[in-house]
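Next up: some structures, all given as structure tokens.
The same chain A turns up in both complexes below, where it pairs with chain B and then with chain C.
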Partner chain A sequence: MKKTVLSFLALTVLSSGALAQSPNERVHVLQKRDYSVKNKIEVSGFFGMSVDDIFTQHYSGILAVDYHIDEAFALEFTWLSSKIPFMMGDKVSDNPASYKGDWFRMGHSYTDAYHNLKDDAQLSPSNADLAMISNYWGINVEFSPIYGKFSLFNWGLARADFYVTAGGGVTTTEYMRPDESWVDTGIYFMGNFGFGFRIFLARWLAIRLDMRDFTFAAKVESEAGATGTTTETKIRNTMFVMLGVSFLFGGEEPVEIWSPY
Partner chain B sequence: MRRGRSLRATTVLFSLLLFLSPARASEPVVAEQMYDLSGTFEVTLSPAMSIVDKYTRHVGISAGLAYYFNDYIGLEFDGGYNFINGDRKLLNEILRTAQTLDDIERLPLTDLKHMTWYANLGIVFSPLYGKLNFSAEFAVNIHLYFVAGAGVAQYMYTELDHTKSDPAFDGRFGKVKKTYTGGLSDAAVQPTFHFGGGLRFHIVDDWSLRMEIRDVFFYDDYVAQWKPAGIDVQEKTINDFVHIVFLRLGVCYAF
Partner chain C sequence: MPAEGNALEGSTVRKLIPTIVFVAVLLPGFHVRGQTSGELLNQAVEAYNADSLAQAAKLFYEVKMTDPQAANRAQAEYYLGQSLFKMGMYQSALAFYNAVFVAGPAHPYYLKGTEGLVRVAEALKDDTLIPSQINKYYNSQEFANMDPMVLSRINFYVGLLLYRQEKYGESMAFLSAIDAESAVYAKGLFLQAIIHIRLGVRYNLARDEARTKAEYNKAIELFGTILDLSGHERVKAEEAIDRYDNIVRLWQLCTLNLARAYYGKGDFAKAIMYYARVPRFSQDWADALFEMSWAFFMREEYGKALGALHTLHSPRFAKLFSPESWILKATIYFHVCLYEEAKGSLGYFSEHFEKLLPDLKKLLDENLPNEQFASLLLKDKLEKTDPMARVPDTIRLSILNSPRVENFRHFLRSLEAEAVAIDQVSEWKGTRLREELAGVVAVQRNLLVRTAGGFVKANLFNRYQTVLGFVGHAKLVKLEITTRERQLLKAGLDIKAERRGKLAPRPDVPDETYNYWPFRKEYWRDELGFYEYTVRRACPENR
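Let's look at the complex of A and B:
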């Protein structure tokens, strides 16, 4: 469904590409691009949280370093963390895959819907639906086809870059068992795609807002049956909203380009 | 619910970002606003589907009529029907593996209700007009807008029927759809409220596309069943706001 939505969004933007009405429009449709990112390095710090998981809730810190190859393309390294990396806690003696300890998992929690399901209805989702992203390291390619100017009530002007991004990397995921011990599911590939915008406050400073969909394979223990515990794999999607501040270094001064608009 | 709070927090974040954008009084604002909504009527046809669903899913269509008093404020009436509405596969997976559902008909879960038809009256508030430069070649004129209002809707939900034997649940029970009759009105039609926001992409003078996210909610007062000690079935009342978030993609004609 999310793929359908994104395809439709892309189609909507492309099909509405309209419609500058001047014979000189091929100069450039917006005048005076004041903020340039070409050849700049952008260091961003984000706060992120998951917004579409039914049973799990992530709160994450995200560090991103972008190199802007030109005004439209950038490469980005991303580190997303909901837990202090490589800290697992104390091993549970009767299950070597389980660990106890919480303080370093401050970004992991389960939603009211999970507690409603578990406590009121005495039901339980699959362990795969309870898996959470602990840390992610990856590379993204960012494409910024849209630069815009906005007026609020015709009072003032803001400038923004809109971009789409896609990439992949490695992630660690964990889930909590009914006895409240945590199980580390190992390191796996995780892909992501999304979109966002940066509003320029100065040539070296911007606010960024991203929506990213992370896709990973949750590989977990399933319910113990007659043949014992088995492994279950389920593809999970987790949508993050990320709000951050960016600092831009280096690069070039913007070139002013005039058009009839 | 925590997920609902996350969504509302996201909406607030988006709004704050837009309103905190730097204004420069010494510079001209967006030059030559090519599209103005003032004094126009508008009809909209919007396919819609629910997103960030918990246990239900919806696909439907709505039609609306709006009048814009000026470029910023309009009044909109719209109604629609969800021709696909029901439980998600996730809920069926949970029920299939459950071992504690004997004699329980009404599940003690929030957000189980799915909407069939609806009618709304609301305000459309468009504070932001912008031009986007797409690949340095195309100008896209947009309005960002917010909606809020109230209306009525009919909701349904599923009960477990232990006289049925559905193979999807290993033959232990089946499901039956019922019209929901609780809530504020204690009737089959519920009062609802909505809020949301979106972008309008102007195509030509009279035609535009709207992309909108809208949260429709109502107050649920639902007598469910549970087994607090694991044996005897007892009634449990669930009071909560049931939220359904729709993504609507509309084609609009102004006249």
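Let's look at the complex of A and C:
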């Protein structure tokens, strides 16, 4: 992709050329990448939040470690956490799967829509719709086919990589019962896909913005009926927006090529 | 005694104290304004030791002018220079160091005076006048007793002077005598390499291929030696940076000159490799781009040659004096049968360079004194009435970009500051010393202005001749184009290139470490230096 154009950004660094270009020639730019990522390790910290759920709201910290196989492909390990892992709280005596305790579930909350439904209409969404991601560990493959650059009022240049990413891993999910105890639904496979971009501020520093769709099968207790409690499974999609900062290490250090070092 | 940086000198002066006292005891009859000559000298030395340099200078001057004892006068002369040097009055110090130096080995401070001259040359960045003086009175027998580091610096300066006078053999003799431990060792090697290149060019013109290559090979070896001073690793390179004068700049220049040496040998691929290593946006980059386009042209890589010129002709280098680059561009277009484009380049040359000739000629024919030429170089702002205001910007900037200009300016600023300082020393009010020093500075300033003016005049003349020479080249290319166009018509081919062939495909991206962007008449700073052209295959043989 040729320079990413954002309409409010002034693009040209220099004014147009001395001579009009002839129809008998084309000028190309074969530019050595200034921000090469090949063989680099990228450690990123993100803040993420879910944006599309009606009843649930996640606030998550995300740690990602990418290994850039080349300029286009990277493998990424991701740990997303809305809750301190493996901490469940106090068991509820009448239900061995339920726990009480909140402070370590700092990233889990329910929306006003849920509270309104529950308090005003005395209704509750299905438990599957209330399940929330507690922790996720997974591997993604990242592909960056698009690169771009832009300039803000000629103050400088920023370079960006645009990527798509897909992968999977394991997750733990939980939901809150009407009695405000939490139920651990166990460990599941969770897939995700998404896209994003990183803007390089320096060869070792970048800002990243990701959009990820996490898909998991929420297995929860259904409402108690005539035949007792059954298990209900529902495919849930949770969209996350993640904003983070990355530090890049290793790879080939650019050397001033005249330098005899 | 004198708190010198030089321990040797301090001890010498310490030994002199008893001598001074001895002279004073033996010759009580000599009085200078009511004091014995020895007393006055002692007072001067005490003031010098107490860092009362203005007072010391005044007293040394009195001794120098009035003392009947030659030994006292000689000592006072040297220490007068020292006092002034310490006060930062380099030109004034130079006058007295020079007197010591010119007096020759009979002067007890001969070698020290010579060292003083070298220190002043360093302080004033004078690589012309003082070296010329040292060369005039060079005394190899006496200089052999000098500190080898100082002698090396002298040898470098004299070598540089002789190089500028194109006395390459003599210059080499001085340069090769530089001590390997000296701070100017790398500079000396570099100058030797440049001399080999100059000789290579000479032999090449004489079509002596064997000697041409031999000279270029010697140059390449010497450039390699300079690069090897870095040890090719950071720690050793940092040691080299501490040890040798200006070595980082020399490493950069070695890269450019290695490219030139390989070009001279006809190894264009290696030349291009080194040209490409010249850092983008560095002071050598424009030269590297231009010369690299020649190397690509010689390899018939016309797209890359035009690409290098595209950077050179970008707004980044809008005021670059580069008439030859437009002739080269026209020549490349001519080779790929794009005659309209070739004419366009010649038109640009005519509009921006040939047009300057009448004004330049008029200016040069006016027989202005050198002092008037100097204002181009020494004044930051030129008044409209100043004849130098008529010098076109491109030419003025090309002269101002010379590294010697900074030396001239530094020298002038230093002289002006010195004149003010002399005027402000209260101890010297109404003294002969003040008058003499003010005179020395004024004379030197006038000489500098004349020299700078001569430099400007010679450069203006050189630019005039350069453009005039390329006007002739442009005419030849035009003539060839007309002939080729006639041949096209005779062969029944369309005169318009658009109808004679297809555009070549875009170049391949070398590998994933490169980004490809099409150029759409926007010059992005980060893209400069990465252009490549593809052109229509318009030559009849390509159809």
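One rule holds in what follows: the second predicted complex is superposed on the first by the 214 of 261 C-alpha atoms of A that agree within 3 Å, B and C clash if a C-alpha of one lies under 4 Å from a C-alpha of the other, contacts with A are read in each partner's own complex, and residues count from 1 in each chain.
By definition in this document, a contact is a pair of C-beta atoms (placed from the backbone, for glycine too) under 8 Å apart; a residue touches a chain by one contact, two chains touch by 3 or more.
All values derive from a computational prediction rather than experimental measurement.
Contact with chain B, but none with chain C, is seen for A:112 once the two complexes are overlaid on the shared chain. When the shared chain is aligned, chain B and chain C each come close enough to touch A:149.
Once chain A of one complex is fitted onto chain A of the other, the partner contacts of A:36 are limited to chain C, with no touch recorded for chain B. Within the superposed three-chain model, A:162 lies in touch with chain B and out of touch with chain C [touch as defined at top]. In the superposition on chain A, A:100 makes contact with neither chain B nor chain C. More residues of chain A lie in contact with B than with the other chain of the pair chain B and chain C. 12-19, 21, 25-26, 28-31, 33, 72, 147, 149, 151, 157, 261 are the residues of chain A that lie in the contact sets of both chain B and chain C, per the superposition on chain A. Contact residues on chain C toward chain A in their complex (touch as defined above): 227-228, 230, 232-234, 237, 251-252, 255, 276-279, 282, 306-307, 310, 313-316, 318, 338, 340-341, 344, 348, 497-498, 503, 506-507, 509-510, 512-527, 530-536, 538. By the touch criterion given at the top, residues 2-3, 11-19, 21-34, 36, 38, 70-72, 147, 149, 151, 157, 256-261 of chain A touch chain C in their complex.
Those residues of chain A that touch chain B in the complex are listed here as 1, 5, 8-9, 12-21, 25-26, 28-31, 33, 49-54, 57, 72, 111-113, 116-117, 120-126, 129, 145-158, 160, 162, 199-201, 207, 209, 223, 239, 241, 243, 261. By the touch criterion stated above, chain B contacts chain A in their complex at residues 1-3, 6-7, 9-10, 13-14, 17-25, 27-34, 49, 51-52, 54-55, 72, 90, 93-95, 97-98, 100-101, 107-111, 127-141, 144, 201-204, 209, 211, 226-227, 230, 236, 247, 249.
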